[in-house]
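Below is one structure, written out as structure tokens, with a few remarks after it.
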Amino acid sequence: MSEQAYRDGLEVKRRLFGAGKEHPLPPGHLADDLLRLSDELVYGRVYTRPGLDLKTRSMLTVAALTVLGRDDYLRRHLQGALHVGVTPEEIKEILMQMAFYGGMPVALKALRIAQEEIAAWEASPGAAGAGA
Amino acid sequence: MSEQAYRDGLEVKRRLFGAGKEHPLPPGHLADDLLRLSDELVYGRVYTRPGLDLKTRSMLTVAALTVLGRDDYLRRHLQGALHVGVTPEEIKEILMQMAFYGGMPVALKALRIAQEEIAAWEASPGAAGAGA
Amino acid sequence: MSEQAYRDGLEVKRRLFGAGKEHPLPPGHLADDLLRLSDELVYGRVYTRPGLDLKTRSMLTVAALTVLGRDDYLRRHLQGALHVGVTPEEIKEILMQMAFYGGMPVALKALRIAQEEIAAWEASPGAAGAGA
Amino acid sequence: MSEQAYRDGLEVKRRLFGAGKEHPLPPGHLADDLLRLSDELVYGRVYTRPGLDLKTRSMLTVAALTVLGRDDYLRRHLQGALHVGVTPEEIKEILMQMAFYGGMPVALKALRIAQEEIAAWEASPGAAGAGA
Amino acid sequence: MSEQAYRDGLEVKRRLFGAGKEHPLPPGHLADDLLRLSDELVYGRVYTRPGLDLKTRSMLTVAALTVLGRDDYLRRHLQGALHVGVTPEEIKEILMQMAFYGGMPVALKALRIAQEEIAAWEASPGAAGAGA
Amino acid sequence: MSEQAYRDGLEVKRRLFGAGKEHPLPPGHLADDLLRLSDELVYGRVYTRPGLDLKTRSMLTVAALTVLGRDDYLRRHLQGALHVGVTPEEIKEILMQMAFYGGMPVALKALRIAQEEIAAWEASPGAAGAGA
């Protein structure tokens, strides 16, 4: 286990989801070990690689989760996207484009979820400057 | 039918796939009508929207096709990605990241296809400057 | 943008989903542009093609949405199917058959949704003659 | 095991794929038991149910296999569709429509396979009257 | 229709889901015929085959439903797995492993469902000895 | 990066695929970094966890790859399954059972691949004792 990669991963998750929101589930959950592995691996050793910036990685993840129809996970990564500066307009463009690769149903479902998350984001205190 | 959108779509396809390579199939094919619709709609009316540039759209499509495991279509869009300036390093990063959303098998398969397309691209006369 | 195709599409949606139920979402939604495109393209330029009648197209869409497991969209198209005269018995046959191509789980889920929609349909005032 | 359902299933397969072409694999194959089960169950007890005719069932199966991207199986069922009287024009309409539910890539791939199977069908001696 | 296979199937379902819980839906449901077929075929003629024991079959089904993202069905088969003696630790291992084949989102979703079902199982009177 | 986990992963791959066959691709491939990560993470830190033995893990992976329709990856893991002692009969049972969760097409395709791999395995010098 690499402690450094784990800490790097938590830092990426903080940037994506906000401080105090790194963990999607309470401790002691059956998913703990997988999340620990994911923090270190996915966020700590893949998202930190220099070839792509975090905003681009966030957009790619939103695209993938849309066509796969993974709604819960998509919701969280839409929150992340807004947090790292992907604009509502850009989110709309990503989701519209996905209609032609994954089908209309997954794109329309994703646009419904995005509508809710954008509304929540715009109503939140930190929204104005967070993406800046 | 909108002639303008159709012409705009062909122009986008020219930028993505190269002049003379807009059509993946010979004329008279059963797919003609769908391709005609796709040229006008997907390339002419969605890819031309101002919210995202063509390079970003190309990267998103590569991500989506990877997790969906649509190999033939992915191969063509990897060619497109290289053509609009997505670097081999960026392609590698996109595909690695997709492993965690669509699974290792689709990412590994996409990396095999990308390896072939990058080799072909680097051996082609126009490669050096095409993405510049 | 083709106004004629858009109007043709709305007419198809009226036949499928009922007058006043053409739009699944309130105006001003993030999905507006995609729905506009879909109205014109999918309903206006594909569903209106002469090769297949609307009832057959409706049945095919129900089959596809079942094996893809797109439940929300399936529910709406089951309403559409009942509206254009697909009988409850035919719906049951379509969904049973799909079990062998998409797996038991998607077929069983679709049969649960269909059970609800058929009950609602049979309880609605217009049911008796609507499919006639 | 129901011998009657098995014989009924073989009869359905004969109508779909042609006499002598009921079995996609040589005897002694690892798949024998599953095919035996499928002959009895899918073809003998589902396809024979009275609620839908064989041509409609064939079209629904083609739609499902298209959006699922099951190419080998789709090829065989496209042969079956032509054999029970689904016209090339109807096949084209089914596949075009599927683009909006399963995405452009699966529809385009299916149209390529259909193009090949229609050509083979039109070149075969029995084509003219077989669907009649 | 084979009465013996049907009765064998109900016996398998009793072992998996508990006496009185063989049927996931009330009688008179649109799904009745498919469930009848499934009881006879899947549970009566496949799950009873000698090559694999019921616990192993249950684990394989959990793995498949996880990567397919069929949540409702997965929940029932997680109940079944606990009932035939798959331990919570083994369930956790199966689901973690699936992350690399079906992606993190399906594994994390499955772990959330498993957490709920394991809690319900541990709180139920028969839990202590049922898997023994 | 954890060297120990990486070495543990290679040891698992040696047991699964055979000495000298740990790597599915030549060095210098675009997939190198992902494979390195997978060796350490999937094989080194997940497959080595004590909750399930290697034979069971291999069977679960075969089940998952079957329903996902990941044919290339499935072929390699069928080789792995035979290598760690999953019998041809057990493979057949796994694949038949998957027909009801992922659909007949993926099960039949997997049985075709398995037939080839079992034949190759039975013709290989080490087959007789390798699973023992």
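Order of writing sets the chain letters: A, B, C, D, E and F. Residues in each chain are counted from 1.
To be clear about the criterion, contacts are C-beta pairs under 8 Å (C-beta built on N, C-alpha and C of every residue); 3 or more make two chains touch, one makes a residue touch a chain.
No experiment lies behind these values; they were computed from the predicted model shown.
Student: Tell me, which chains sit next to both chain C and chain E?
Tutor: For chain C paired with chain E, the chains in contact with each are A, B, D, F, in label order.
Student: Tell me the rotation angle, 0 to 180 degrees, that brings the C-alpha atoms of chain D onto chain E, to the nearest 5.
Tutor: In short, 180 degrees.
Student: Where are there more C-beta contacts: B-C or A-E?
Tutor: A-E
Student: Copy of C-D's interface among A-F, C-E or E-F, judged by over half the contact pairs being the same?
Tutor: Comparing each option in A-F, C-E or E-F with C-D, the repeat is E-F.
Student: What whole-number Å value describes the gap between the mean CA coordinates of chain C and chain F?
Tutor: Centre-to-centre distance between chain C and chain F: 42 Å.
Student: How many angstrom between the C-alpha centroids of chain B and chain A?
Tutor: The answer is 24 Å.
Student: Two or more other chains in contact with one residue: find those residues in chain E.
Tutor: 37-38, 41-42, 46, 65, 67-70, 92, 96, 99-105
Student: Enumerate the contact residues on chain F facing chain B in the complex.
Tutor: Spelled out, the residues of chain F in touch with chain B are 24-25, 29-31, 33-35, 37-38, 42, 65, 68-70, 72-73.
Student: Would you mind writing out the residues of chain B in touch with chain E in their complex?
Tutor: The touching residues are 67, 99-105.
Student: Per the contact definition, I'd like the list of chain A residues that touch chain C in the complex.
Tutor: 69, 88, 91-92, 95-96, 99, 103-109, 111-112, 114-115, 118
Student: Could you pull out which chain C residues touch chain B in their complex?
Tutor: Chain C residues touching chain B: 1-2, 5, 37, 41, 45-46.
Student: Contact residues on chain B for chain A in the complex?
Tutor: 38, 41-42, 46-47, 49, 51-52, 56-57, 59-61, 63-68, 70, 89-90, 92-94, 96-98, 100-102
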